[in-house]
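Two complexes follow with chain A in common, the first pairing it with chain B and the second with chain C.
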Partner chain A sequence: MSDCETRLRQVAAELLSSGQAARVIGYGPGTLPERTRPVFLTKPEETIVLVYNEHCRNNLVSYLMRVKEEGKSAIVCRPNDVRTLVSLIQEQQIEREQVHVITFTAKNADSNGAQDAAKPALFDTLIETEVEFPPAAQAELELFIDKPGDARWEAFKAEMEKCIRCYACRNACPMCYCSECFVERSVPRWVGEGSDVSDTMVFHITRAMHLAGRCGECNACVEACPMNVDLKLINRKINSDLLELFGHRAGVDPEAPAALATFDPNDYNDFIK
Partner chain B sequence: MKDRILAKTDLASFLDRLLKRYRVVAPVDQGEYSLFRPLQRGEEVCLDYLKPARSAKEVFFPQNEDLFYFIEQTQKCVEPESIEKETVLFGVRPCDLKGIEAQDRLFLAGAFQDSYYQNRRKHTILIGLGCESPEASCFCHNFDIDPRGSTVADLFCVPIDNGFYYVSVQSKQGEALAGDLQEAGAEHAQALEETKRRPLKFSAERIPLEELPGALADRFDDPLWEEIAMRCLGCSTCTFVCPTCHCFDITDETHRGVGRRVRTWDSCAAPKFTLHASGHNPRTSNIQRMRQRILHKFSFFKDNQGVISCTGCGRCVAACPVNLDIREVLSELLATKT
Partner chain C sequence: MSEKKFEPKIVAFLCNWCSYAGADLAGIGRYQYPPNVRVIRVPCSGRVDPLYILKALQNGADGVLVSGCHPGDCHYIEGNYFARRKFAVLKNLLEFLGLEEGRVQFSWVSAAEGERFSQVIKEVTESVRRLGPARRMVKNMAIPEPLLKEAEEIATRLEQDAACSQRAGSGQS
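Coming up: the complex of A and B.
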């Protein structure tokens, strides 16, 4: 057990025993090798199961939206998960006072930090750790972008053909919280059911546009997908466009207004001819 | 019908010979997993993964199936094209063969036969493949399954020593496929017996599933269901990778005067699965859907079709994004029964 896990369990147990938090949402050991799973703890002695390692997939922030009971929720966040929490607070889906954020910082943080800058935008407890969740190589994204139009479409289509429309990506994403998703509406039917690739593309393109300016690159969608569809490509491409056009990155600054929900007279308008 | 042997190194050429007469579907590498796909050449077969990421059910019950077409101009309905060529489905593990058996009961037995399933099923010859060792997610030992044999297949290949498969010929159709293979001798039969005697190590204890109907009967309102459903995301992953799950939806798709009625996979885990035309939905919570899923697969299906709707293949365990483990769920339900 690592130092960071010892500290994590200590903090979680204190939060529960002092009554500061009514529950802890964290990661526990999985039932298969190299797996962890979301755990929901209410008693201090249960915190012994908490782990934090490179096998922590799932963004636990989405579980915050399910909590119906009173009392603060302490939540274990990987660094990019915090970005999604910031966005949800900005979108008024979660109240800041309702959460105690436990997150992590690299032991030897540098300015190019793999974990998106040394200090997360939001935290109540910050624990030092050697566990890293490096972002996908920029080179991979550039390969996709540098392809000419037709080849990029073919690369995108090849990923889409793997998709079986299980919606694990959507359900794992904290930013997808619509009570009725557009794919569930049948009158009118926006998207066909089944895995026809044309319908599948409509689903993923539309979802990516709904996430534009909101995706925190937590990777939960990629990790959830049973068919290893590379959803990073399209989301990161849109995110990089948003950075270029609006100077905006979702969830890194709690004070920064949402790019696509705010009018700023300085917004680019080159497209107006 | 004489049993045969096939050297593992001759597998690709055996499949090539079959390709001259049949459409051959087998596990094909997709990069990080394999899937059942039609072969162009025998060498495309990939047995690097214990089993394909999705079950064999999609060969008979595809995710998208056009039921018929309708033309506005002529006001006529058009049937889909009939199957021209026989298919050989190679490399089906006993868990997936058991899944086919369960789906046969659902789609074929009884007063009404599903003609779409029937059509694909009767034009397919099955070649099963025995397992050498289970994965961490495997739990077929709970379901009266022999990882090294199954009577559902027309041919069944068990890996024996010295790089061979022992090929049990179990039907006339199987015999037609295997006629050019070397006959098995006494030493091969003995090697088979030795192989079958070797114990297989599963990662979890056997679950007393026969006690399950009794355990479930009184537990409909038990708060344990909330705990079980807590981490579930409500996606359809478990349903879609499962060899026995079979729920579907039917919709009409129209485009410029031509329409088709299409059947697609659906899942009881999806929020709108039970939405009525009236607007009423009897299962609005994740807890209700999870409870229904377990009860259907492990109790109601057994009542209706005579077998549990699970074969212990473990794909749901491996694929679930939140590691919701059905083995654990069943053990919990049994452990605290009143």
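Coming up: the complex of A and C.
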């Protein structure tokens, strides 16, 4: 057991015994090695199961959305999960007072390559740790951009052909909280039945557009995908564009609205005739 | 048939207050423009969901044009500013993924710019014509049943004809 886990259990037990939180949402050991699963703890003695390591793959903020009406929750957040939580608070989906954020220090917390964002945008308890998660897919993005257009399209098409449209990416995503998703709309039917790759493209491009300026690159979609579709590339591209064009980073400022929910009269205009 | 110039199908989303009126003015002023555009009138360029653009491409549009009021002229004050951010991201993403540059285009045309409207349509049509028919993103439509039947009938008839003429030829010699 690492130091950070000892500290995590201690903090969680204190929160539960003092009644500051009705529950702790965290990671517990999975049924297989190198796996973890979400645990919902209500008693201080249960906090012994809490773990924090590089096998923590879910974004627990998705669960927070389901229990937000039932008292204050303490939640274990990986560094990038905090960004999704910040966006949700910004969108008034979660009240800041209703959540106690337990998060960790990280070397590559900032997905845009800057090293100055090791401190999360928002937290109640910050725990020192050596646990690290893979950095954002910036290198893969640059590799992809260097390819000619036809090769890029073929690569994208090959990724999309892997997709079985199980929508696990959407279900795992804390930012996809619409009660009715456009893919399930039948009037009009935006995403057709069957396995046509163009429908899969419509789904993934539109989901990426819906996440523009809101995606914290927590990687929950990638981890949830049973077919290993490279989903992080699209989100990385949008986030990198938003930083370049509008100086916007998703989920780092609780006061700033999402990039596409605001504008500047002097925005980039060169692409318009 | 191969001599015939490719005529692209272009879906144009025009905002009700500026570009649609601009198109109207082009008509009143008798400014000619290519008949390749299919105009869809929308209340504002901000009303155009990226999904509309994707669906147009998927269902066989060779190009998509979104046109609205100039920045600062929006009937709803700020709709086109939101649209501009949204489309900057969408256009970059589509081109990043390998969709040909120019399939999706954007313009500002005011209600007073009839001549400019015809000019924009000419430019868009020519640039899409140069790209050729859309192949990417297009939904593969299955060949309709009656067409398949007809093709089969023609094939069998041709086979029979060929067999007949062969027999006739061998009988002569």
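To be clear about the criterion, the second predicted complex is superposed on the first by the 252 of 273 C-alpha atoms of A that agree within 3 Å, B and C clash if a C-alpha of one lies under 4 Å from a C-alpha of the other, contacts with A are read in each partner's own complex, and residues count from 1 in each chain.
In this section, contacts are C-beta pairs under 8 Å (C-beta built on N, C-alpha and C of every residue); 3 or more make two chains touch, one makes a residue touch a chain.
None of these values were measured; they are calculated from a predicted model.
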{"item": "Partner chain in contact with A:Leu260 - chain B first, chain C second, else both or neither", "value": "second"}
{"item": "Touched partner set for A:Arg37, first chain B, second chain C, both or neither", "value": "first"}
{"item": "Which of chain B and chain C A:Arg152 touches, first, second, both or neither", "value": "second"}
{"item": "First, second, both or neither for A:Glu91, with chain B first and chain C second", "value": "neither"}
{"item": "Which superposed partner A:Asp196 touches (first chain B, second chain C, both, neither)", "value": "both"}
{"item": "Which of chain B and chain C A:Phe182 touches, first, second, both or neither", "value": "second"}
{"item": "Partner chain(s) touched by A:Met209 [first = chain B, second = chain C, both, neither]", "value": "second"}
{"item": "First (chain B), second (chain C), both or neither touched by A:Glu161", "value": "neither"}
{"item": "Partner chain(s) touched by A:Glu45 [first = chain B, second = chain C, both, neither]", "value": "neither"}
{"item": "Shared chain A contacts, counted only where both chain B and chain C touch the same residue", "value": "192, 196"}
{"item": "Residue ranges of chain A touching chain B (in the complex, touch as defined)", "value": "30-33, 35-40, 57-58, 62-63, 162, 164-168, 170-172, 184, 186, 189, 192-196, 223-228"}
{"item": "For the chain C and chain A complex, residues of the former touching the latter", "value": "50-51, 54-55, 58, 71-72, 78, 81-82, 84-101, 105-108, 120, 123, 136-140"}
{"item": "Residues of chain A that touch chain C when the two form their complex", "value": "144-145, 149-157, 182, 190, 192, 196, 198-199, 201-202, 205-206, 208-209, 212, 234, 237-238, 241-242, 245-246, 259-265, 267-269, 271-273"}
{"item": "List of chain B residues in touch with chain A within their complex", "value": "30-33, 53-54, 63-64, 136-137, 230-231, 233-237, 239-241, 249, 251, 253, 262, 264-267, 270-272, 317-319, 321-325, 327-328"}
